[in-house]
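Consider the two complexes below, in which chain A is the common component and chain B and chain C are the respective partners.
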Partner chain A sequence: MKNSIRILSVLVFPLLLIGFSLSETDKKVLQYPSSWPKPHYNFKDNPLSNIQVELGRKLFYDPILSADNSISCANCHLSFTAFTHVDHALSHGINDSIGTRNSPVLINLAWNKHFMWDGAINNIEVQALAPISHPAEMGEELNHVIRKLQKDNNYPHQFYKAFGDSLITSQRMLKSMAQFQLTLVSANSKYDKVKRGEIKFNEQEANGYKLFTKLCNSCHTEPLFTNGGFASNGLTIDTNLKDVGRFKITRVNEDSLQFKIPTLRNIEFSQPYMHDGRMKSLSEVLRHYSSKISTSKNPKSDIKTNLKLTDNDRIDLVAFMLTLTDKEFLFNPNYSYPRNIK
Partner chain B sequence: MKKLLFTAASLGLILSVSGQTNPAITSWLQNTTLYGSHYVSGNSTAIKDNVLANVQKVQYSNDYVYINTHGIPAYATGPFLDGNPSLASDQDVIFQIPLNPAKNTGTPTASTAGNIGVFVNGVALFDYRDGVSYSLSAAKDQGGPSGGRGDGVWNRDAVPAEMDGFDCSKGHPAMGNYHHHQNPSAFKLDQTVVSTICNLYDADGLYTMDSTKHSPLIGFAYDGFPIYGAYGHANTDGTGGITRINSSYKLRNVTVRTHYADGSDVTDGPAVNTTYPLGHYREDYEYKSTNGHLDEHNGRFCITPEYPNGIYAYFCTVDKEWNSAYPYAVGPTFYGNWARRNVTSISETVEIYKSTTSVDYQGIQLNTNFSVFPNPAQDFVAVQASGLVENNIELELVTLKGEVVRSSTLKQGSTIWYIDTKTLYNGQYLLRIVQGAQVSVKKVIIQK
Partner chain C sequence: MLLEKEQCYHLKSLINSAVFTMVIMFGLTRIALGQHNVKISISPLISIHTIELNENLNTPNKQQLTITNLKFYISNFSLYKNGLLQYTWKKKHHLIDINNPLTTIWQLDSIEGDFDEIKFQLGIDSLTNVSGALAGDLDPTKGMYWTWQSGYINFKIEGNYLDSNQVNDVFEYHLGGYLPPFQTVQNISIPCNSRNEIKIAFDLDLFFRSSETVKLTRVMSPGADAQALSELLVKCFQLYEK
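Our next item is the complex of A and B:
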């Protein structure tokens, strides 16, 4: 066995000297429906490669990123629930600390212009720095993460495979993690199949879709089910959390209580809902939009009046939203815990 | 309704005349139509298998009952998230259980590795052990799935140690042989839920615990004596109401592991610490008859619903949170005469016991209680049968106009059914519960 490894490395080494000609064979192209807009992310600067995606996946699932090696990205972003946590409203970090926001889903991130609920970050390649360094999340220092990875038994080899030498830098780590997350594309829900003409909505779903295009589509725009912008959806401020949303970043008055408009894809699996996870079910969410909008309590609300949905309309809208569930995405073995990566 | 019960009761009477009243013959969940299913990690939808669930055939002679089973339960098995590569697989076995079990008057036989009993669904019962014990020379646990060989002096208790590998119904396979080490109720129904496995890989276990009723008979030990769940009569004569039947084993008050509870000096185990907490080894427990209801074999002679004249019976012990409590079911020694009970063929004249009539009788006795919750409901309604479901139960949710909007089968040997009501309109619905000729109807309100 040892001999064969030696022979292999003798064969591989000259190839590596040719530089990136080797990685050409490993190139990966992001797959998405032809009817979709082009991704916002510039893949030319960080071309996907299978081996870097796998390295990013390993890092995504590795608690080594946190100060006490106890939690990984996947602790709050579970693949089976559209990459969010579902059993509590606010994210939990190291030392039993509790954050101030509900972890967002990680879906179709290549189309995202802004990251975080308040849009504090505009490039996925640096997004991971926020949770790694946040004291109520991973509470770790980037340099220390890099040192831990350098000392690890596996990572130097992984980086060697991915980048041609075993040098571990923060840029390489972040780029790999970005690559893995960019591959999280959900485009095969019932809705997508209906759009492709393969199947049809039932009566309830069709009515829900009609209501959706009339009432919801301007913010949760098809096909990504978000327009990528920010809005205040009429929620009142939580008096404990006092989260003012995008205002915290821009200090522009109009941005007070504005939060990023999340995608609705796989919404069936990503409860609780809203930036602070205050709503547990879709019917609760729709009750909010249909009867609880109050411009006196939240004058900044972008939704000025109640949608006045009938009970049956609300339920038909839920039926439509359930068609955005993409089980192929949720249970994609390429996204789950990397059991087989050595 | 009353009439039906009366008819059923007289039917039971007729059967008893024909001599088939021994619970060791009549208690098995017989099935020739229902198949098992299993989860794989990463997929919350169970995959159907082509192996029949529960027990396929019951035959008996004067001395023994013979159970043909594949060893697969009706509830979905797996996944086993501790790296156990095994799946619950077809055992195709015949168990030979003595019909007239007797007390072992000699030295009690210690329970062994592997099967030590059979549940009424044909699934194996194991004792506490997982083949791992402490090795003083290696200064760590060895043996079993972890490889090597321990000293066999400080034997690891599988129930806490392999928690991560149990499925929602508290079972896992050993080389394909699916088994329970403990009370086979689902984790999610415990008072304090100690495993998250049911969140993604839902299953419901063999029976549900009910603190107000005597537990159903859920299996037989290899010495032929019956095994009950966690609740029984407070007093052995059947009086005193229903109570949780407690094990008489308690954790010892020790910080080092140099002696057994009886004082004998043994090869040292590790000191008690976070890696080897008290309860990590079964030798961390000591027996004192005043601690609980049961003797050192985890059983007692008592009156039970199936044995009005009394029987020696084992109980699956749990603590007040309904989490499994040592020694879990049978053991560490048998009360009766132990023998290996899996045979490859039957070498005496036997009669076939057909369950249908008798099970209907018991079904009416046991299964009339259902809880339907929450009601009014929003996104789902759960229907929970109390006790043991002996025959498939058909469930239908119908509108007041009679349109069936949801339907399913509550399977024999399972206990709970969920109805997804997310897309049902608000209003009144009727839940029809059909058991053979018996239909009961409950009103369900959906309000969201």
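Our next item is the complex of A and C:
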């Protein structure tokens, strides 16, 4: 008896050690500049792991989430264009259905307190439920998705690798998709390099930055280029779409026509702009701010008068906004289509 | 060889006596401490009629209706004595689904002492509503979580009126919402003396009779209507007296 116990422990103990060390190396820590505020997301309930991030990435790019297996998240959130649906004012889903809003960028989501243009979603983990079930997006039912994953040739094995057993639940699916999206951090644009003292703005960009801090920073606050809140910037309501913004969620009058302030990071590649994609270029955006606010039929606007911008000012502001482009983020191979997932 | 066998036998009987003693001690301790189990049941009714799905039901104001779906959350089910918390059910959030009658009955284990009040919430608290993707009875696949707007449906009832003068004979109430000022989770408190079996009646007669319910046949999102209807449900809970 005693001998067999000894033999067993000699065999088991090293295996336990290996097991612990494997799980340690699989851990992933979100990298971001030390000068940034802490993320809002509670990582304690969903600590990042490389394998779960990869599972989430596979799901993100998989049209299995949609009713007719044609639409994946990536259809409206393309990695090369800041995870938005470039060149589309409104996105289209299954059966060529058209939605009512512009696809937002997926950047620095760990710092978001609200998700979607009207803040309908309060946690990144449950965001995927909205497009999955929307009849004009993926048109599917959550129960069906889970069943499809369970019947798939590969997913039970992927879940086993990620969670230690092949049980596929909505919670596991949603948390791993959240993990992948939380890793989409953009902090290496020209602006960031200037802030680190590595390079300098040129004269136009420097001028643009000065104007930005004076006129735009209160809503598009550095370093995330959003203060995470809701506002109205004087857009008149579209009479076809009739989008009342945040009011739809809170039913509080003050929230009417308010929309989430988007980040300006990578704005060079996320056109068209605004919650319904009504503006095609940054010049058009700046013309709105400098000449359309005062005449806007929007009594709820947080900006009451046109911004004082000369033609040169507008050009310099655009030059500054182009410094928010982060090529490392846009072309990060860890974010794009996962060709090597076995 | 014989010696070893004897030793084995001796060891076995020692273990047996030890286990026997422990069991007796455990039982005696429980009796000494006054520990007992309490069986809880919640019975949805309309007046005196137990609600069964897809059956014709009469309401007291002579309406006939059928209920096709009835699900609601019970949270933080607790026993109080003299206003002080004595015991909370380990299962923090419990989904009752009339399609699965077993969910209407459960047991509280090892209750010590007596109690004079039951408290629980009808619905899910705000903190849980912002806690992301959850599992078990809180799994969104249970059909009690809004996909297009984060938040739990506290109480869901669907069905139709049969002898209808109503143009829309279908009724659907998905009551939920946690953002102020339209918070819909309700606190329920029922005075109740200590006993081994507590039967709670959930009589929806008051709900169906109220003018608000009659006016609105569909409430499917958070807001003032959901809040008003949720408040009606508080009065529907009482001890079941036949």
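Methods note: the second predicted complex is superposed on the first by the 317 of 342 C-alpha atoms of A that agree within 3 Å, B and C clash if a C-alpha of one lies under 4 Å from a C-alpha of the other, contacts with A are read in each partner's own complex, and residues count from 1 in each chain.
Methods note: a residue touches a chain if its C-beta (ideal position, glycine included) is under 8 Å from a C-beta of that chain, and two chains touch if they have at least 3 such contacts.
All values derive from a computational prediction rather than experimental measurement.
The partner that reaches more residues of chain A, of the two candidates chain B and chain C, is C.
In the overlay built on the shared chain, the residue A:170 is in contact with chain C alone; chain B does not reach it. By the document's definition of touching, of the two partners only chain B reaches A:333; chain C does not.
Once chain A of one complex is fitted onto chain A of the other, the partner contacts of A:33 are absent, as it touches neither chain B nor chain C. Within the superposed three-chain model, A:143 lies in touch with chain C and out of touch with chain B [touch as defined at top]. Of the two partner chains, chain B is the only one that A:87 touches; chain C does not reach it. Once the two complexes are laid over each other on the shared chain, residue contacts for A:129 go to chain C alone; chain B is not touched. Legend: residue contacts after superposition of the two complexes on their common chain; A:120 is shown touching chain C, with no touch to chain B. Using the contact criterion defined above for the overlaid structures, shared-chain residue A:299 touches neither chain B nor chain C, since it reaches no partner. The residues of chain A lying in touch with chain C in their complex are 42, 45-46, 120-126, 129-130, 132-134, 142-143, 146, 169-171, 174-175, 178, 249-252. Of all the residues in chain C, the ones that touch chain A in their complex are 129-135, 139-141, 145, 147-151, 179, 181-182, 222-224. Partner chain B is touched in their complex by these residues of chain A: 79-80, 87, 204, 281-283, 287, 311-312, 314-315, 318-319, 322, 327, 331, 333, 336. Contacts from chain B toward chain A in the complex involve residues 41-45, 199-200, 378-379, 422-426, 448.
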